[in-house]
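Structures follow.
Note that subunit A is present in both complexes that follow, paired respectively with subunit B and with subunit C.
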Partner chain A sequence: MILSPAERSYLYDSLSQKPPIRPGARSDHQFRPLEAKTSFLPNSNGSARIRLNDGSECMISVKSKVVVTKSVTNLIDVDIDVAGFRDDSNFVSNLKYNLTSLLITNFPSQYLKLTSKYSFKLFIDCIVISHSSYPLSLISLATYLALKTTRLPLLVSEVNDEEIEEQPTFSDDWDNAKYLDEAFEPPIFITLGVIGTNLLFDPSIEEEQVLENGLIVSFYKDNVITPISNINLATNSNNSNFKGLNQKLIIESINLCNKYCPAIIKALNTLTEQDDEGDDDHIF
Partner chain B sequence: MDVTEVINITKPSRSRGYEDEDDDSDIEMLGNNHNDGEFTNNNSSIVTPGELITEDPIWMKGHGTYFIEDKTYSSVAGNVSRVNRLLSVIPIRGRYQPETGDHIVGRITEVGNKRWKVDIGAKQDAVLMLGSVNLPGGILRRKSETDELQMRNFLKEGDLLNAEVQTIFNNGIASLHTRSLKYGKLRNGMFLKVPSSLIIKSKNHAFDLPGNISCVLGVNGYIWLYKTNLNNQNNNTTNINIHNNGASPAITRLEEESSWEIYSDKNDSNITNAIRSNITRYYNIIKALSFCELGITEPRIIMGYESSLSYMNVGSLIDKDSMETICQEIINNEKMRG
Partner chain C sequence: MDRRRLLGPLNTIIPNIGISSNPNDIKPDTTIDNDEVSANQIQNFFLKTGIIENANGSAYLEVGNSIIEVSVFGPRPIRGSFVDRASFSVECKFLPYITQPGEQIYNTTNQFNNGNSNTNANGRTGLTTIEQRISAYVETALLPSIILEKYPKSTFDIFITIISTEEGVNNNDEDDDNSAPNEQLLRLTNWIVNCSSVALVDASVELKDIVTSGIVKTTSDGKVIFDPRSQGNEEEEQEEGSVIGVASFMNLRNDELVGIWIERQGAINVGDTEMNNILDGCNEMSKKIRANINTYLANSLE
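Showing the complex of A and B:
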């Protein structure tokens, strides 16, 4: 997306005001409204779908498989498919790397442990059907919802199989399936735009074009965690504003995320609870 | 802290309440009078792609239809329209179809040989010939090779302009012109896009709105919101005075006003925060109208602006509920005024 010089300077000036005047009049810490739905794929252990008003949409499916714990390097596998991008493109592999490493390092693997020999392995498949701004936080919020509603079949065989050679067997009744853990809140990514001394949550595509820098902050268990990385959010454009990052802003971004991210987690949790209760089949 | 201040996540919902009451009146009116039993689908004039419209071979097939063995089918989703013996389907959605005389907003995509390519949201990019723009200084002469060489100084890739569709070539490409002072490069504001089907053609597509904001409502669904240029109005009056005194140095305003400034990329230096927030307010209102699939017109934008004034925080206007409330208010308002 290319903006004209006049648009660019207008937008830059508006966003560097204190407080910033964003195109949709959002406040600096306000996300764009989302629509989401969970547990709608009958063949998946967990699924979620999240959509923005502008048509950006992302769908996640979580599937599980019983593996011999020793035979695999990690118990989570993430695959991302972005419409319009090759699977081996930098864009997709960066998204995939970010999400995979965040989940592998922060996922409590004891939830997946079945017996001393066997574990569940989770396959998280993600399709970005359409996107305008950088889709990482959208994907990560959808992953949160999918993991939060992932149900795994109940193990009925013996847990301790060190002496006896036994294959794990599961309850036939899907109603007995268990959530990963009620208290488990998967880690999420938040994208922030840096412009002047302002930090903007969830920048839209127009805003991305004039940002001086971008930050990806990860958040887990009520705290900002590493990695915190910076990125040029304006892909395929002539962003001439891109600059270095003031370290004070990194500290500020951590403070802001610590302040506002609990609200995001809360909103996501409320949604999963609502989806549990209501059995309306509106998925679109 | 309120969660909705940070993020608003809702479940997808299928129906929106107001649709049942007022199912976009603009479309309804076109459709209802065709249901005279000749058509196979006599309960509704809305057809979907592949739907049989009529088996009667007497009809001539127009746009949006195809013909197999004397039967006419629809090739698009839209309303059946019948003019004498010509049967066509007007698509509900779709790309903008340029027509001569349309006031449109476009973005330069390419600078080529004596012409610019302009993205206007149609199937093909439009062309703007070098001969169809004003030269800086308003000099009236044939464009020379020097002009050709400095075409990028006039307009370059990414630049936004408003223009009028001059002609449509037989291959469907639109040719534009900016030979008027109201056309040309756009500055001092913000761009947004809505589906072109929502723009209702009217006499005037550029107007001033309350709050010192002006708007170019391109027929192609590209919209430009900007600060009202007060100088323009003042200049008008002074010019008239000069003319009255008989001491006018210029023959037309064109010569006075179209110096290099008309191709400048610099915004006004005095765009206040109040103006900027007014622009975002209009931005949100137009987005709301488009979300609710209401036709976008000047009176509706103004009504939306008035009813949005009750929202102190303009940022809350991006929520689905507030957008629907605003649209509902606009519809009620229109009903009251008749």
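Showing the complex of A and C:
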């Protein structure tokens, strides 16, 4: 238990104000500041590392493999490892389910298509080195950066292999490698906390302890998309405030995400561009 | 055993709402033809409580080809330090020979589980990713309804067993592989929540309200389908895209929304209208199921 009953009650009352008074003087739609670095793993097609000021840290590696399209059920494979949690725990399984479901329904698989027979399959490996609040949006933002900077080797062999068998061959020069697509903006997850009639973006661990409910909303191409679900964000705690929510809040959350998420995407894009220009090799 | 049961007054009047299956009639009605069921009608379901002697409460539900069994154990004392509220856990298992909806996507196989996707990646027979997801939904949805403060230093465990599912919906078409399992999964989850709520009542756990849920699908041309079922003519709808959502409510507590899970297939945005349609539809369906459950529970007291 992180908070005493008195602290809990104080925080609950502050957060239920209109507008809410959040610890750290954040406004309701404000994310915690984060630092990130992309393309630093030499053996991966894409990589990203993201760090929050509370010490949460997550690292993503995207690797690719050429597969016969027909032999696989999906072209994206997600694996998540959270320090301190078993891989088969409910916590990790649900993170993995959510991220897989988001990417599989929304990832444009034509980017991965090589020829009529072959495709790239992407393996996205996430390591959450440390986290305090629910790490889904952290993982998803890092995945955004990693996918955005993922470069796949340039195909030099013939694209049309319908009549003649052709094994795909690739250019040796890594400088020729291509991004998935310049305009491609991968889907992301946003976690929202519900307290009274307030919706709080990116709740911190202290806020999670007093929330009445939590929402997970996904966002892609300037629109809120699915999956949308609710969740008890305070894991392994007996949060006595947890209760149902008014269905109007769901609509409100969609409108809020439609309003503020483009700014998040913009910030992440700026980050990748700045990372491209800067030649500093050190991470953080 | 002290079940901390609150007995109601003796001269209670039993409400009689809706039509319920006769609890004494164990045979499910298998003669329903999907084509005859109109868009706004809910599938007939068969429900029975108290079939498992060992459990404190249990419920059994058959709907279509799906069979769900839920047993509730608790309140059970826990060892160790004092806690002022009961803890609550949900575990959902498919019987081992059952194809889980979407298992090819979510239950990744590797060398350790010999291609058997019903065991998880490390080869242990714990819950698979899909089972964990269902468990998490049910836990989130039921948690607000249980008055955990009444049971200090104890625990409730719900065990859900999926005995049968609708089989192989759209599995032969590659394009649908990515999305159709979601719909099947949501349909199943919807009934699991309803069944689990009844099991909690059967266990005489103190509840704020009975949680019931509904499932609704909207298509891109604005059509709203209640309680969607696997039908042969589904392909045309999938091309256009559709949004499908499960929502669970506590209808007597101001229609409080306790669980929501929305997925979509095809390119379609989730706007205000879709969302309102889904939530209102789910609420309406949840109320209908609630009325049925109420009547069943009232009749089973006689």
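Keep this in mind: the second predicted complex is superposed on the first by the 282 of 284 C-alpha atoms of A that agree within 3 Å, B and C clash if a C-alpha of one lies under 4 Å from a C-alpha of the other, contacts with A are read in each partner's own complex, and residues count from 1 in each chain.
One rule holds for everything that comes next: a contact is a pair of C-beta atoms (placed from the backbone, for glycine too) under 8 Å apart; a residue touches a chain by one contact, two chains touch by 3 or more.
These numbers were taken from a predicted model, which means no experiment stands behind them.
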| item | value |
| --- | --- |
| Simultaneous placement of subunit C and subunit B on subunit A, clash or fit | fit |
| Subunit B versus subunit C as contact partner of A:97, first or second or both or neither | second |
| Angle at the Cα centre of subunit A, taken between the Cα centres of subunit B and subunit C once the superposition is applied, in steps of 10 degrees | 100 |
| Partner chain in contact with A:160 - subunit B first, subunit C second, else both or neither | neither |
| Partner chain in contact with A:105 - subunit B first, subunit C second, else both or neither | second |
| Touching partner for A:37 - first (subunit B), second (subunit C), both, neither | first |
| Touching partner for A:231 - first (subunit B), second (subunit C), both, neither | second |
| Partner touching more residues of subunit A, whether subunit B or subunit C | B |
| Partner chain(s) touched by A:6 [first = subunit B, second = subunit C, both, neither] | first |
| First (subunit B), second (subunit C), both or neither touched by A:246 | second |
| Superposition-derived minimum Cα distance between subunit C and subunit B (Å) | 7 |
| On subunit A, positions contacted by subunit B and by subunit C | 238 |
| Subunit B - residues contacting subunit A, complex | 1-3, 5-14, 107, 157-160, 185-192, 265-267, 271, 273, 276-277, 280-281, 283-284, 287, 291, 313-315, 317-320 |
| Contacting residues of subunit A [partner subunit B, same complex] | 2-7, 9-11, 13-14, 17, 21-27, 29-37, 51, 53, 201, 238, 259-260, 263-264, 266-268, 270-271, 274-275, 278, 280, 282-284 |
| Of all residues in subunit C, those that touch subunit A in their complex | 83-85, 87, 104-106, 108, 120-122, 124, 126-130, 132-133, 135-137, 139-140, 143-144, 148-149, 177-179, 182, 243, 245, 247, 249-250, 253, 255-265, 269-272, 275-276, 279, 283 |
| Residue numbers on subunit A that touch subunit C, as the complex places them | 73-74, 77, 79, 87-88, 90, 93-94, 96-97, 100-101, 104-105, 215, 223-232, 238, 240, 242-247, 250-251, 254-255 |
